[in-house]
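Pasting the structures here.
The two complexes that follow have subunit A in common; it is paired with subunit B in the first and with subunit C in the second.
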Partner chain A sequence: MSTATATASASATGSPGASEQSQQRPTRKRRGSPVWYAFLGPPLLLLLVFVAYPTVETFRESLFRRVGTREEFVGLSQYSRLLTNPIFWKALGNTALLGVAFLVIVIPLSAVLASMLNRLRRGATPLKVIYFLPQLTSSVAVALIFNYVFQPDWGLLNGLLHRVGVDSVPLWLADPRYDFTGSRAAVTILAVWAGLGYYMLVVLAGLQSIPVDLYEAAAIDGANAFQIWRRITLPSLRPTFVFLVMTGTVDAMSRFSDLWTLGGPGGAPARSLQSVVMLMFQTGFESHDTSMAAAIAVVFFILVLGITLIAFRALLAREFREIRGSRKAR
Partner chain B sequence: MRLKPTVALVLTATTLLATACSDKPAANKTGGTVKVMMIGYPDENGIDPASGAPVPGIGELKKAFAKAHPEIDLQIINIPWGEGSTGYAPKTEAMINAGEACLYEMPAAQTYGRNGKLVNLDTMIAKDPNFKNVWGPQLDTSRSWGPDSPKSLWYLPDNTGERVIHWDAKLFRDYGVEPLSETPTLQEIEEKAAKLTGKDPVTGQQTYGYWYQGKYAVWQFMAIAHALGASWGGVKDNGTLTVNWDTPQYLAAMEWFIKMSKYAPKGALAGDGMPQGFLSDQNVVAIIPEGEQGYFIPQLVAQPALRDRFRTSYNLKGIDGLGGLNSVSPLAMAANCQNKDSAWTVLKWLAGSDEAQAYYFSASGRLPVTTGGVSAIPKVAELPDGKIILSQPQTAEAVYPWAADQPRWAMQTALEAALAGTITPKQALEQAQRETADWVSKQAAGK
Partner chain C sequence: MNMTSVDSRTRARRSPIAWLTGSTRRYSVAGQMAIVVVLSVGALAMVLPFAWMIATSLSRQANFTMPRIPTLWPPDPSLFNYRVASTNLPIFRYYLNSIVVVGASTLGYLFFSALTGYAFAKGRFRGKQILFVAFLATLLIPFETRMIPLYALMSDLHLNDSLVALILPFLVGGFGTFLMRQHIASIPDDLIDAARQDGAGEFLIFRRIVLPLCKPALAALAIVNVIWRWNDILWPLLVISNRNLYTVTQGLAIAGRGQGIFTGVALATAALAIVPVMVVYLILQRHIIRGITTSGMKG
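Let's look at the complex of A and B:
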């Protein structure tokens, strides 16, 4: 039986699948038509040229090295050099540390602030705009402003600390040590300031999708505001948090512009702000070792892919179980 | 109208003879379009906000060239220095690989040259009987290794910045300290910086004797080390570098630098330029090494009070009389250039003409590199320290062939750690040596 006949008979019987099939049919018909190709072709071409080709070329280049004017196949030697290079591990450690510090601060903070914002009767919209504004500002511009804020001798923050009587002010961007007032702390504060608005809005959207019935039932049962927040709001926000952790992790791994603006190619001071992407850039474009930069890019690609897959399976395990359960039930 | 064969023959022969005897053989070869990538010049005419002086846009350079060489269509691609992924470095890499221009203002010209992407300009000079060296000995100090010659000439100096020692004459007066000499020694700087650190006896403000640009501290360190007799190494005949950081001279230089950092503001390690308040009444730093003089000349020219207060001395000098970063801006020709004869004409004009030298100064404070270039900017010679400003570039060290490579970052980051006190000077030098040695070992016969 042809598709057209099958659909016609389904419509005639008035079965539930009939309307579904009639909605799908035009889509199937369009598939493979010139119009379909015309719409999909250009973006596919762009993807091939600007994503697929550079990716393949990066993999290829990581297996070669430039010797004078020619390239020489060196197999995996770039990788072995990279994985025994302490600079790479330091950059990777910085990337992980800055990413974890950012997410650990920004997600709880955005949850608290979004919950407070959600309860506001008036003035919520202007506050949302204000919180979101840093997200609309260029990260380079933000970094330049924070360079002034954190300047140890005549910066805004230390100026304020002096005013309130603090004599021994932190060195912020001039301090490469692992502490709460060093360069890593400064860029974490910057990232939280810049990203908080976006995280708040996503959490707010999550909050507003929680059914009101749950809150009403809890109120009838005599739960106080904290219990409601702890027992209803937070668990209901789980998918939102999973989304934020996953996208935030990838963003944190690829952090570049603000760190570059504040720390320069070497991630000053003393490579304390050098992320993996910065190291890749410095190696490729400042030290002109494009083969090693390609090897860093490949390792980084594998790392991000691995983290994403693990996070996907680990954080969404419950959702996968539910989907499998509902399929079995059918 | 048709010419008689005899007349046509005579005309042709005369033309050929005239061409062959001409002292400008290149003239009839040039023409067409030449694209040049330049970095950081103003796109449009404007006015300097600090000095009120007119600032010519890049179009003025193009107009001046068109007057001199109307047969060539010069197209200038003017890009900003930029930051990170939008900086000049990735754009240069992309453009030269794609053959987007014939000539490049190219800070890393030596690296591109050794990778075979540039024309060895000796080949152009060899076939140009009109070539005149207006750059003096800089052409020799600019040479570096290439696949065909260990002394290849990858660029002509276009214009230059310079690194001098600035000092605030008012702070010296307030403390009753003798002015800094024209060619200060390490000992003089150390003694005076110590005296100039503390509460200003006149204003009561906290002042500092010394300054360093944390993110570019490696250049100051190199000047200090050179003054102490250190030598970074050299280039072998096969093009590989030998770099020796871990030596007693570099150790002494780093220890001296760290000692002097105590006289600087605590946050200098995060600095990437002059101290806050420089060229204003708010300045609190007395001796400011590695001052990039060019940027400030328009203000010094425009304001007499400034030029009397903010003075200039030569950078630290070694026993060879040289010292300070050679921050010449190189102009190079791409190997894939299709119009090399015209590009050579453009290159010589952009790097060697008085008009171009005057433009670079007016547009961005860059100083002349040609022997006659000084006459193009007479206002600088009239400054109290005009002689020093104009002659520091000639007494700078030879270009470091590793300046745009891993050894720079190895030393810079190790130095930062030592200045921050997280490692000792000895550990810093060992770390820099280790990282540099790893990079050098990969070079083989060219990186």
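Let's look at the complex of A and C:
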């Protein structure tokens, strides 16, 4: 079914609702009319076909093995194969390491820069536009440019290092070691560069939603700038940080495009850049082992869901009440 | 940086700087200068890679030799790399594909988000809560979890290698439904009831009253969705293998990886994919930044 037919069917079923209304009194009771099911029908069908079915199918496929043209039930053996595979653990480790490194750098950095932006009297808008520029560029394009920025001999970064007199420049993307100048460090720099603008915008929105009265009250009580920042700004930003950590963790878990552009599905060099999704992609569409790829997809799903729920429970339960409270107040 | 006490604050209200900047808070000139310097250094770091990309893409000799110290002005400015890049890949066709895919999927997404949002905000029917939870639950299922069977499904439907495959799975989403429901819930019931009294059907009310009132929320949703769809690479990589059906992002990914050794041409290809998007961004920047801020999503 295409968009056009879905739209047409929704509008077609909308009209009987209108004619029906002439017989019934137009009261609140009419809200119970079947027109709502006509509204929800087509989108629900799309969700069933393109979300619910494939999700269930992923779980099912992970329990089967393809033998020629038929499928054979193998229980959890795909999972035991997966969980004993060092390549999987390496991909999971890379994903976690890159995610943590990214968040640990980007959140404080964006908090500092957004606070500065917030205090700026003039010219905040052009700066916002500039900081957001990389975020709007696709990760593929960003990765492509950074492939050259990190080129060891003449890339922009090492070129600038040469310029300031550094002789032994890092190899960056060519160096698969766990190192502050290796491939993982390079893609972390890339991610911070690309993501900073978005994180700054969110922190800035958080800063601007802090009521001015709080600052005025603190100033009247004689608090100094640091005390105000420590006692008012930081606690007020807690929901913002929680939001960023949660969404940032899920984004980091599903990292794919930039790493794929730089290292291919295998995450070259030496699988140092292979993320979980890249391994899933490689297993499913290069090795054509769909059952194993499905098992990776299920583990990935459980991890993302687990992170979301744990984060929600540990951090958000309290904030949620506060956010709702502040929404009502506004 | 700016240790203001109550006294200095009240005094600052009449200080010339505060008067000039129209501010009621004290902003020291030195503090402002320091902020400007730090933020400008950051902004320079944001722009520098793009500037270097453009400079390199304009240099023919960049394809075989690069200066050890990077320059922002090509020694031999020419459009040679751009001619090669646009001969190598049908970039205008890719733009057309991207526009069709992003346009159709965004229009559909906005329509279904508003429609379902309206039903969940203002409708009264059995199973509303359960259906709403079901719509929201899709938010918890990452696309990557279902992409393998989705690919098989597209094959079965003979939709692989068609732009429809890039549109159809992205017409409905829990996020859009949720955002629109929140927004439509704030429209007064009286407005809708009045229209019902006048004999308007629900779809007419939706089209004539609800949709116009949702413009800001729809704009925010549209911006996020356009960015998301435009930059998607994982799904196009799976379902599109016909070179003529690539989106801009996919064309760039595959071409860029292929011509890696020709720096000038590769960066000209990147520029062809980036610069038009940036121009649109600079024109619409106010709306885009507001859309990102209100929805909290980055697309």
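We take it that the second predicted complex is superposed on the first by the 284 of 330 C-alpha atoms of A that agree within 3 Å, B and C clash if a C-alpha of one lies under 4 Å from a C-alpha of the other, contacts with A are read in each partner's own complex, and residues count from 1 in each chain.
To be clear about the criterion, contacts are C-beta pairs under 8 Å (C-beta built on N, C-alpha and C of every residue); 3 or more make two chains touch, one makes a residue touch a chain.
All figures in this text were calculated on a predicted structure; none of them were measured in a lab.
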Combined model on subunit A: subunit C and subunit B, fit or clash: clash
Contacts of A:89 with subunit B and subunit C, given as first, second, both or neither: neither
Partner chain(s) touched by A:54 [first = subunit B, second = subunit C, both, neither]: second
Contacts of A:46 with subunit B and subunit C, given as first, second, both or neither: second
Contacts of A:268 with subunit B and subunit C, given as first, second, both or neither: first
Subunit C versus subunit B, contacts on subunit A by residue: C
Which of subunit B and subunit C A:285 touches, first, second, both or neither: both
Which superposed partner A:312 touches (first subunit B, second subunit C, both, neither): neither
Partner chain in contact with A:176 - subunit B first, subunit C second, else both or neither: first
Partner chain(s) touched by A:81 [first = subunit B, second = subunit C, both, neither]: first
Touched partner set for A:260, first subunit B, second subunit C, both or neither: both
Identified clashing stretch of subunit C versus subunit B [111-119, 183-191, 201-209 or 237-245]: 237-245
Subunit C-contacting residues of subunit A that also contact subunit B: 140, 147, 151, 153-155, 256-257, 260-261, 264, 281, 284-285, 290
Subunit A - residues contacting subunit C, complex: 2-3, 6-7, 10-11, 14-15, 17-19, 21-22, 26, 28, 30-37, 39-40, 42-44, 46-47, 49-55, 57-58, 61, 113, 116-117, 119-123, 125, 127-141, 144-149, 151, 153-156, 159-160, 162-163, 193, 196-198, 201-202, 204-205, 219-220, 222, 224-225, 243, 250, 253-254, 256-257, 260-261, 264, 277, 280-281, 284-285, 290, 293-294, 297-298, 300-301, 304-305, 308
Residues of subunit C defined as touching subunit A within the complex: 1-6, 9, 21, 23, 27, 31-32, 35-36, 38-40, 42-43, 45-50, 52-53, 56, 66-70, 104, 107-108, 111-112, 115-116, 118-119, 122-126, 128, 131, 134-135, 138, 140-153, 164, 167-169, 171-172, 177, 193, 196-197, 199-204, 206, 227, 230-231, 233-234, 237-238, 249, 252-253, 256-257, 260, 263, 266-267, 270, 273-274, 277-278, 281-282, 285-286, 288-289, 292-293, 296, 298
In the complex, subunit A residues that touch subunit B: 65-69, 81, 85, 87, 140, 147, 150-155, 171-177, 183, 256-257, 260-261, 263-271, 281-290
Residues of subunit B that touch subunit A when the two form their complex: 83-85, 87, 89-90, 93, 108, 111-112, 114-116, 147, 214-215, 239, 265-270, 272, 276-277, 404-406, 409, 412-414, 416-417, 419-420, 422, 435, 438-439, 442, 444-447
